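Just below sit the structures, each encoded as structure tokens.
In what follows, chain A forms one complex with chain B and a second complex with chain C.
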Partner chain A sequence: MASWGEASESRLIGKRIPRLSGRDKVTGKAKYTFDINRPGMLYGRILRSEVAHANVVGVDLSEAEALPGVKAVIQIVEVGNKIRYQGQEIAAVAAETDDIAKDAIRLIRVDLEELPHVVTEADAMAEGAPQIRDDWTGNQSNPNVREEGDLAGGFAQAAVEVEATYHAPVQTHVCLETHGNVAEWEDEQNLTVWASTQGVFGVRNDLAGSFNLPANQVRVITEHMGGGFGSKFGPGVEGRRVAELARITGRPVKLMLTRKAEHLVAGNRPSMTQHVRAGATGDGRLIAYDMKGHGTGGISSGAGFQAPYVYHVPNRRTERVNVAVNVGNQRAMRAPGHPQGAFAMDSLMDELAEKLGMNPLEFRRINDTSEVRQAQYTLGAQEIGWHRRNSVPGAGKAVKKRGMGVGSGQWGGGGGRGTQARVTINSDGTVEAVTGTQDIGTGIRTAIAIIVAEEFGLAPTDIRVTVGDSGPGLPSGGSGGSQTTASVAPVIKTAAAAAKQKLFERIAPQLNAPVGDLRVGNRTIYVVSDRTKTIKWELATGQLGMDSISEGGEWDEELRQGGVAGTQFAEVEVDTETGAVRVIKIVAVQDCGLAINRLATESQINGGVIMGLGQALLEERFMDAQTGRMLNANLEDYKVPGTFEIPEIKSIVFDTHRKVTGVGEPPCIPTPGAIANAVYNAIGVRIRELPITPDKILTALAEKKA
Partner chain B sequence: MEKFSYVNATSLEQVTALLSDSGWGEVMLIAGGTDLLAELKEYVETPKTLINLKTLPGMDAIEADASGLKIGALATVADIARHPTIQQHYTVLAQAAGSVATPQIRNVGTLGGNLCQRPRCWYYRDESTHCLKKGGDICYAVDGLSKYHAILGGDPVYIVHPSDLAPALIALGASLKIVGPEGEKTMLLEEFFTLPAANPFRENVLEPNEIVVEVQVPPAKPNTKSFYLKAREKGAPDFALASVAAVFEMDGKTCKSASVVLGGVAPAPWRSTEAEAALTGKMVDDTVSKQAGADAVKDAQPLNDNAYKVTLTQNLISRAAMMATS
Partner chain C sequence: MPDKEKKQGTNISRRSFLKGVGTGTVAATVAPSVLIGGEKAADAQEGDAVASATIQLNINGKPYQVEVEARTTLLTVLRDGIDTSGNNVDLTGAKLICDRGECGGCTVMADGNPVYACMMLAMDAQDKQITTVEGLADGDDLHPVQEAFIQHDALMCGFCTPGFVVSSAALLSENAKPTLEEIKVGLSGNTCRCGTYPFIFDAVKTASKKM
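Then we have the complex of A and B:
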């Protein structure tokens, strides 16, 4: 049975190893799609609608086409089409410079017949709201109702009840590198695209289909990627159109989205509103849960969220609807449906615990069936100093008040089939590992090097890793669902083991030992039963000559496992005069199985916490009902955490087994709930709407006083 | 942005001559450009000519002596924030300057630009929204999303003035030197700013052919304590939800004179004579400071989303007053 071996035997796996691309990234040497410049390259721009809902009456490209320097103009909407949200693509341009392209799209004349728009959920759900989807009746989807147990019977057993409404607004992904591509046709049948994507093979297959090309004649390259968070699968409208512009002009074309377009059309996390009534028994058992909720994913659906979450409620009824609005579509965003669901559930847990007169941590212990989280509660409580927590929320006269809160989460991350990889040992002793996954910033490149280096007794820097290129024809899936490491690592491990086995078979006769007795370490192959029999790595490989070893691997399920639990504790300080919330510390205890690179895993947890903090305290998309436009499609009024917001983060890699599990998403889940509960504990006033901004705190404190 | 020609300034005479008769928006001045470039990129402004003021010699000087402070309009926000005399004797100004945006912006943004910057209103900054401030019919904040808008002096345009330096300088009694085709004039900075009721399109009385060249600050009085308190949603960069520039002349815990100017709550830096009256001549304690805050906002008229600014402003004023007693 395949295994990763014992921790005591690991020289590299599970240790803290700096990422191989770190120096290139901080010095600017690393080339992102934005940095790709090809000889003779043109610049692409897309004209987008500023109107949220309209019929297209006319499009006139002639002035744009006549502008010197413009090489191609293509129309994306047709007369008679409907514009259904701000930012929808109307036409695209390729020009000699980016400035000319920008000027050119402003010369495209668009005649729109404006229709009444609906951009807020309240407006969409109002009586007599304009119908905005042809395939729905009204602006709400059919309810998704689920029932389990006996709800009325459950409430009959409840000693306490809480009824409350929790809300999380739409968030956008805010990828630091916006979506975009550079497309270049070698000839009419061969296309190369540098893409800012989470899935090079997905983009390849989409473009091959779009342009009716054999898949092996489209090459997609993503050497470095500046953030996707679930929004960068597939080439998108901009990817297909830039390839079209490149084909028409016969020149490479670069087209990256503007920051504004990124907010408008490149995806978002749907909103969540839930009206929930829940009860618990006198001895602290969750007994009944009745939830009616809605959310919007824009003009599309997909606004699901987890409710109830993590904690077990035997008797429950949930009813969810999607609300359609004239706004750009949602896309998967880091743990879709989880952080907002966790915020509501963990807030509810604290409200019930308070009514029971129970410590919220004790209440969780009673209702959490996860043994892993039970252990995490103990560890996290110690790390944050839970005993220091206010016993009476909001107590005291201090202007700045401190509080603590806890939140929980769960995720899968067990990986899947579909990765091909090769590990090659060259006769000079160098090693190459190639696979079609992509490093979206998580450090899979380094993880691959670590696995191969561990197997061969080499250093990670000795391994040349090629990822993010469909050219070698070794497919791998998209990097989403926290699946990358658990999908790729087993294949790399088995490929490296197979290559090592081949090398041992070649060397064993010389060492006069059975193949099974050979081991490698410290750049030396030796015989385990007779340590005097050794051969240096390079001397062994030198005998390969032209006949280098190159082996594939397989996805051995024994090497990975899905399912993780996480718990976070937050300590905050609230300025009751200004409403400012300062997070002092977050303790993030994250179950993760075997951490191939502990440093990268900690970094992943830090990133999740920071993103969760942004959702808790800062991020919100503002839609203007009057104009139908997003008011903060920038980074001035769409606020994300900066250095001043980052607290002390204690990232605890909670290894529960020695099988690989992904943790890309889960660390962002418990943060908003933990912070919201800490704010309540500090000031004794509950904020049930994210983000928890000064206006909400001051308003709530004023209401409490009144 | 639209194409424009770019002229390096050689003298103030040349600048005012180039500005003459063009009206607003045709010829514009650029120094740090931290505000203007954003407006050009968003097509909120589309000038034909930009005059680069950075080539004017000597206009970035900061002089501090017994007669007070003289700060050239081209002095950067960072120069002001780190000037030792300003830090020591004009604390409110150093604190205000230090609170502006980010180090990168402070390093290039200038005093003149900071005072003359345009509103950050999200309706005003959107090219497609033809709001009252841009000659349209309505101020969209009235029925729209108004979290960051004015609670005082708004009617009919509810922008807030974004400057941090202006409230601090007004609280210090600063004057402004302006040069036009007819020569130079000096006015109190407080009188430089105007409200939308007087002119919905501009935030100050500067004429299209005039240029701000210098700020003068009278000498600091002894026993003065001054503070700039700025509330915002994130550490940096962020504009003020509300800010208070306060200069107190103290005798022990008794306030001999007070100067309280608010930022982020009105279309112009807002001098609160009510707060000043509530504090002047009083022994400052919790009750007095709270009264000063309450008096300052008694005429506030919040919109749908910004009533919190009333409480916030009130609290910042009383906090500043209490800080003067310790």
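Then we have the complex of A and C:
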């Protein structure tokens, strides 16, 4: 049975190792899709609708086509079709320079017959609202109802009840490298695409289907990728259209979305509104939970959220609907459905605990069945200094008040089949590892090098890792669901072990030892029963000659495990005169399974916390009901965390077992709930709507006074 | 374009179109339909002075002759520029991210001062010594900031990293021993979405010890 061995035996796995791409990234040499400059390359741009809902009456491309430097103009939307949201694609151009492409799309004339739009949930749900989807009755989906236990019986046992409404608005991904591609046709049957994607093979298969090509005649390359967070699967409209522009012009074309389009059409985290009534028994057991909620994923559906979350409630009823609005579609965003669900649940937990007169941590301990989180509560409470917490929320007369809160999360991340990999030992002792996964910033490239180097007794920098290229024909799945490391690591590990076995078989006769007695460490192969028998790595591999070793790997269930638990504690300071919330410290205790690279894992936890902090305090998509447009489709008015917002973050890699689990998503889950509870603890006023902005704080404080 | 406002009778200029949509309808021509684009060629390029000029820029100690339009930014030259001998400038370390001087992804140094290359016209970069992230290292010897960024894993996807590296180097050249608060102020013009900030702060502190 394969295993990762004991921690004491690991030379590299679980240590803090700088990532292999670091040098290229700090020197500007790392080439992202956005940086690809191909000989003769044209620049593509897309004309998008500024109107949220309309019939297309006419499209005239002629003036754009006549502009010098324009090489192709294609119409995307047909006359008679409907525009359903701002940003919807109308036409695309390819031109000699980006500025000419910009000029050209301004020359396209589009006649639209405006239709009534709804861009806010309130408008969509209002009596007499215009229906915006042909396949629904009204603007709400059929309710999804789930029941368990005996709700009425549960409430009958409740000693305390809380009834409240929690809301989280739509958030956008804000990938710093916008979605986009560079497409180049070698001939009519062979297409190469540099794609900013989380799934090179998904993009390859989609484009092969779209252009009726054999899959092996489409090559997709993603050497480096500037952020996806769940929004970059598939080539999208822009990917298919840039390939079309390249085919028409016979030249490579680059088409990256503008920052504005990125906000409008490249995905978002759906909103959540939930009205909850919940009860707990006098001894602190959650006993009944009744939730009616809705959210919008734009013109599509997909606005699910977790409710109840983490804590066990035996008697419950939940009812959810999707609300359609004339806005671009949602896409998966880092732990879809979880952070907003956790915010509502953890807020509710604190409200119930207060009614019970119970410490919120104690209340959680009673209702949390996860042993891992029980241990994390203890560790996190120590780290934050939970005993210093305000016993009376909002007590004192100070202008700036401090408070502490706690939140929890859970995730899967156990990986799955579908990765092919190859590890090659060359006769000069160099080693290559190839697989079709992609490094979206999480550091899988380095994790692969660590695993192979551990197996071979080499350094991670000795391993040449190729990922992000469908060319070698070694598929791997898309990087989503925190599945990458857990999917890839077992296959790399077994490939490296198989290659090592082959090398040992060649060398064993020379060392006069059975193959099973051979070990490798510190660039030397040795016999475990007689340490005087050794051969240097390069001398051993030198005997391979032309007959180098190249082995594939296999999926191995035993090397990975799904299911992680996390807990975060927040300390905040609220200025009761300005309403500003400053997060002082976050303690993030994150169950990670076996962390291949502890340093990169800490980076992931930091990053999750910071994205969660953005959701808690800053981020919100604003739609203008009147014009149907997004008001903050830029980086000035759509606020993401900057240096001033960053608290002290104590990221604790909480080792639980020696099997690989993904951890990309879970650290962003508990943060908003922990911060919201800390704000309440500071000022004694609860904000049930994210983001917790100064206006909400001041209004709530004023209402309390009044 | 002196006659640009006169065009309203025959067509709708971008400017009047934008005025119109502010109130939700366009009354000028074809109500109830709405027009997008549909400008005359001359209007599309209004004020953009399509006429070009050849200028010389000094980037990372090397002279570059490039043909630019008045509207061409320094960032466009760095990333997409082609010099007069037909070679790509190809300095793609600086990134276009927000396109409006908000995120710092395009930060370079002009005479040692950090500037947003997306907000500086190429013509205004003449007579300045431009240093990009590609020009920070001394051959194979990385700048202490670069070394420290690698050591501390002060990067994840790495797309914002060139901007942060240049801003950090500029900060340390002004203030060799910054406090944490001074680091936050010095890097406040840069945005990261992966959330690498804590390790960036650590990296700048480490680099400051080597300056």
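Convention: the second predicted complex is superposed on the first by the 706 of 706 C-alpha atoms of A that agree within 3 Å, B and C clash if a C-alpha of one lies under 4 Å from a C-alpha of the other, contacts with A are read in each partner's own complex, and residues count from 1 in each chain.
Note that contacts are C-beta pairs under 8 Å (C-beta built on N, C-alpha and C of every residue); 3 or more make two chains touch, one makes a residue touch a chain.
What you see is a predicted model; the values in this text were computed from it and never measured.
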{"item": "First (chain B), second (chain C), both or neither touched by A:50", "value": "both"}
{"item": "First (chain B), second (chain C), both or neither touched by A:80", "value": "neither"}
{"item": "Contacts of A:509 with chain B and chain C, given as first, second, both or neither", "value": "neither"}
{"item": "First, second, both or neither for A:627, with chain B first and chain C second", "value": "both"}
{"item": "First (chain B), second (chain C), both or neither touched by A:644", "value": "both"}
{"item": "Touched partner set for A:214, first chain B, second chain C, both or neither", "value": "neither"}
{"item": "Larger contact residue set on chain A - chain B or chain C", "value": "C"}
{"item": "Touching partner for A:618 - first (chain B), second (chain C), both, neither", "value": "first"}
{"item": "Chain B versus chain C as contact partner of A:636, first or second or both or neither", "value": "both"}
{"item": "Which superposed partner A:35 touches (first chain B, second chain C, both, neither)", "value": "second"}
{"item": "Interface residues of chain A shared between complexes with chain B and chain C", "value": "50, 626-627, 636, 641-644"}
{"item": "Chain B residues touching chain A - in the complex, by the definition given at the top", "value": "120, 122-123, 126, 128-129, 140, 143-145, 147-148, 231, 233-238, 241, 305-309, 311-312, 315-316, 318-319"}
{"item": "In the complex, chain C residues that touch chain A", "value": "14, 21-22, 24-25, 30, 32-41, 43-45, 48, 69, 71-72, 76, 79-80, 88, 90-100, 102-103, 105, 132-134, 136-137, 142, 145-146, 149-151, 153, 155-162, 165, 183-185, 187-188, 190-199, 201"}
{"item": "Chain C-touching residues of chain A, taken from the complex the two chains share", "value": "18-19, 21-32, 34-35, 37, 43, 47, 49-51, 54, 57, 60, 63, 66-67, 90, 97-99, 103-114, 174-177, 224-227, 229, 258-259, 440-443, 599-600, 602-604, 606-611, 626-627, 634-636, 640-644, 646, 649"}
{"item": "Complex interface listing, chain A residues touching chain B", "value": "50, 577-580, 618, 622, 624-627, 629, 631-632, 636-637, 639, 641-645, 693-696, 698-699, 702"}
